[in-house]
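Below are two complexes that have chain A in common, paired first with chain B and then with chain C.
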Partner chain A sequence: MNSASVEASNLSKAFGQKQVLQGMSFGVSPGDVIGVLGKNGAGKTTLLELMLGFTAPTAGAIRVFGHESHRLPGAIKARVGFVPQQDELLDQLTVADQLRVIASFYSHWDSALIERLCGEWGVNVNARIKSMSVGERQKLSILLAFGHKPELLILDEPVASLDPIARRQFLEQLLTISTDGQRAIVFSSHIVSDIERLANRIWILKDGKLDWQGDLDSLKESIVRLHIRGTGAELPQFRIPGVLNVRRDGAFATAVVRDWTSEAQAALEKDAAVQVEVEMLGLEEIFVELHK
Partner chain B sequence: MKAIARLVFSYFTGTPVLRACTIGGLALMAIDFYFVATQPQSGEKLWIAILGLMFFFVGSSLMPVMFGRLARSHSVGVLPGGRVKLLLSAFVTILLVALPVGVLSPASLIATNSSLAEVMKDPRARDYVVGVAALTFSSAVLFAGWMYLAMWFLTSQRNMAGLFKGLLVVMLVMFAPAREIHEFTVSLSWNLLQIAIIWFVFGAGFLWWPRFKSARARHTGERFAGLAGVLTGRTAGREFDVMLGTANPWLLVAALALPLVLMTRFVHETPSVWVYFLTIFSAVTGAYSGQAVQRSRALWLRGDWSRTALFSLVERSVWRHNAHVLGALALVIVGVGLDAGFPATLLAASVPLLVLGTILSTYLGLMNTRGLGWLEIVVAVSVMLLLMVLAVLIARERLDIVGIVAMELGLAVLAIVLRIAAHRRWKQLDWMMCRPDRALTARGA
Partner chain C sequence: MFILNPQSGIPIYRQILEQVRRMVASGQLPPGTALPSVRDLALRHTINPMTISRAYSILETEGLLERNRGRPMTVASQAKNHSQLPKRLQQIGPLVEQTVVAAKQLQLTEAELVKTVRREWEQNDE
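Showing the complex of A and B:
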């Protein structure tokens, strides 16, 4: 019995000549709340849609609950929820009708939950969808993905069109869902603070590759800014392992490094005869530094 | 002025293909004008100008698309004079497209009958030619305006309302001017009056639309929501069909009904027109399936379907929808035919043609899983041409029934081939390759 929600090995995807993802391997387990970060065009949507089986990998494999994502059987699909970047609502319907239509595809639709969330989120079930604002449509898209209580919830920039209050409500709901440890959530977002607040694991996509995957604390411990102070007027020449960028100014230097350890710090202090202070960075700073 | 010029320039040269069409069209019209101006009795070379005009018109086809996008965008509201300039750019484009017709028609009239120098000598002949030029030009302005409007409806609103509006405009353009010309009721003053009214109404509506929209939102609120719900919503039924947009075939039947009513008003006893246009309608019915690929994405995660199984379900759902419309079209041709006394052989050949039109366009729509490429465009245009040729042949007085049956059998074989192609493509369906435009722009994230 395979307990992983998603498993990918050596996953690659190209559109014609354009290689979007290459050689990615990862796993998603119940209880994971994974925040996917990447610049525009990094391949976040492609990665999420590969998980959902919307498209087939060019190379490698991706399995959802043990099944090849491109050929998911119905029982597995019923365990997956998805909030797309662009909503796929039916403009002609009312909210209630749209909810009824989607609910009819599932045997375990939780109407009470949806009714409660509609009330809490201020979604008018009698409103016609074409008259709703972008934010209201997004709320409805999220509700449609929640109703069958999926074990794997995939969200592609779900909060981009929500106001701060709705965003907070949505994140709280997502936290509630994730606390039972039975579900896995994978979501992409440009709002780094949301990822920082919600995710227990971070994936950073860069140039079609998974540049970092791990928990947030490890990431923060691994990528740090060093403040280096020399003893003389000028800093001696030295080499910093895993340096991302460095700026020298007389007897001082600052450097951002990855995979930093206390052993590396001790070695640098001893070899170059310098004092090193380590500054922890926020997720946003880490993201920016990784992309400099 | 600069903004209007830039917009107009972009309409004609926005893409390499359109640029080539515009330049080619202008070159062909210049060549024809050279013949007309320099060679007496060269009126029969008018086909060069007509070809050039068609290229020139196609060259400007970005106008309704760009106009529609800009008109709906928020940015047009913050650009200085944005809506006015946009409106004027559309009007200037229409004038430019109509201008060659206004110049070439009287020029060819002169060339066929006399020479420019002789006409200029005679004040009565000169006035007559100027009158013809003005009349032709104003008619062309009207015609081009309507055609752009139809293109805008068909390309920007990819739904039933857009289809309905586009068909309605096409029908009006096809029959109203033809009837005026046939009955000699067309006149310059009537044309100018129509242009003035149309542009006044359209311009006022376009410029005042944002204020009207906000006022309506403030005052009417939900007042008409109930009525709109009754008119637009049949939401019960098979949920699969609702998601696919095939739940209510009667909407499409209704969209076709008004043009059909107009046809009965103008061309009740002309079999060629009936067969021709009902064949177009049958193809439109099938083409409705083109949206199935994109819409099926939302269904993939909702049921126990492989891509092959999904194709079977979609195919069934599309046919449940299209069969209703096809049935209505077949009833129309038989009903009109019996009423107007069309030959039985014509009716016997027409009904299979309508069926083939729907089948072929249905599978053309379903095989469009990777966006419109050259192959899809070539096949679609070829199929439409074959259908049109067959419609014309069927409506001829001396019907070659063996030839018609052979052609229909050929089209049936083609339908089977398209079905196989659609089925194969759905087996490999990649929803990332067949997204709507707006999603494609955001794909990168």
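Showing the complex of A and C:
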């Protein structure tokens, strides 16, 4: 029995000549909330689609609950939920009809939960879908992915059209889902502050590769900005492992590094005879620094 | 109970560590005080529960908190060791250092700084 929700090794995907993802290895465990960050075109949607089995890898492997993702048996598929970037609602239906259609696919649909959330989120079940705003449609497609209580919930930019209040309600619901420790959530978003609240792990995609993966806490501890001060008028030469950029200005310098540790600090202060002050960065700034 | 800022560069587990250590050291959280559950804190602040568990586990290892079966975590009875003066002074050390560095950059004298601190101290008492 395999306890991992998702396991990928050396996962690669090309569309024709275009290499979209390259050599990604990662795991997702129950209880994880993984925030996927990347510029537009970094490969986030392709990665999520590989996880969902919408497309097969060109090389490497990805397994969901122990099965190859593009050959998932129906019973395994029923354990996965997905909120796509572009909703797939049926315009001619009412909300209640659409909910009924989706519910009919699942034996364990939680209609009480969905009824309650419709009320809390202000989704009118009698509304016709074609008359709904983008934000209302987004709320509904999120609800459609919650009702069967998936063990793996995958969300591709689920909140781009929601106002801050609706986003907060959505985050609270995701947290409620994740606090039982049995479910895994993978979600991509450009709203970094949401990821900062919700995620315990972060994947940063850059040029089709996983540039950084790990705990959000460790990310904030290892990518930091250093303020370096020498004793004389000119700062001595120094070398810092894992440096992303340095700006020197007379006796001062600032540097952003990606593998910071207290040992690295001690070594730098001793070898170069400088004083180092560490500034910790928020996730948005870390993301920007990794893309400079 | 906690002031938590997810957007800060300081990881949330560290924010919790610092605040619990400070409140235990100062006696604001006397031994036996129950802490909010991980789930409650996560939902109240809308933050990931794992970073909270991590803080609680570290505080347990340090001997500041006690895990109780089926009940909330509590401030450990031995935690009063931590409230000895040198420990508390050690905790405020970095803040004092920063203040002194800033005061020197502003070319304030020692007496001026001490006076300012005293004024702030008295205002805070009111």
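Assume the second predicted complex is superposed on the first by the 292 of 292 C-alpha atoms of A that agree within 3 Å, B and C clash if a C-alpha of one lies under 4 Å from a C-alpha of the other, contacts with A are read in each partner's own complex, and residues count from 1 in each chain.
By our rule, a residue touches a chain if its C-beta (ideal position, glycine included) is under 8 Å from a C-beta of that chain, and two chains touch if they have at least 3 such contacts.
These figures come from a predicted structure and were not determined experimentally.
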Margin query: In the overlaid three-chain picture, which partner chain does A:Glu151 touch, first (chain B) or second (chain C), both, or neither?
Written below: neither
Next item on the list: Please work out whether A:Asn40 is in contact with chain B alone, chain C alone, both, or neither, and reply first, second, both or neither.
Entry: first
Margin query: I want to verify the contact counts: of chain B and chain C, which reaches more residues of chain A?
Written below: B
Check: Should A:Leu93 be classified as contacting the first partner (chain B), the second (chain C), both, or neither?
Finding: first
Note to self: In the overlaid three-chain picture, which partner chain does A:Phe105 touch, first (chain B) or second (chain C), both, or neither?
What the structure shows: first
Next item on the list: Identify the partner contact of A:Asp217: answer first if only chain B is touched, second if only chain C is, both if each is, neither if none is.
Entry: second
Check: Counting only touches as set out at the top, which of chain B and chain C does A:Glu289 meet: first, second, both, neither?
Finding: neither
Check: Is A:Ala56 contacted by the first partner chain B, the second partner chain C, both or neither?
Finding: first
Notebook entry, point to check: With the two structures laid over each other on chain A, which partner does A:Ser178 touch: chain B (first), chain C (second), both, or neither?
Noted result: second
Margin query: Show me the chain A residues, by the header's touch rule, that chain B contacts in one structure and chain C contacts in the other.
Written below: none
Next item on the list: Using the touch definition up top, name the residues of chain A that touch chain C in the complex.
Entry: 31, 33, 168, 171-172, 175-176, 178-179, 193, 196-200, 216-217, 220-221, 224, 279-285
Next item on the list: Under the touch definition given earlier, write down the residues of chain B that touch chain A in their complex.
Entry: 225, 228-229, 232-233, 235, 239, 242-243, 245, 295, 297-298, 300-306, 428, 430-433, 436, 438-439, 442-445
Notebook entry, point to check: Touching chain A in the complex: which residues of chain C?
Noted result: 6-14, 38-39, 42-43, 46-51, 54
Next item on the list: Note which residues of chain A are touching chain B in the complex, please.
Entry: 15, 38, 40-42, 44-46, 49, 52-56, 71-75, 77, 80, 82, 85-86, 88, 90, 92-94, 97, 100-102, 104-106, 128, 131, 156-157, 188, 190
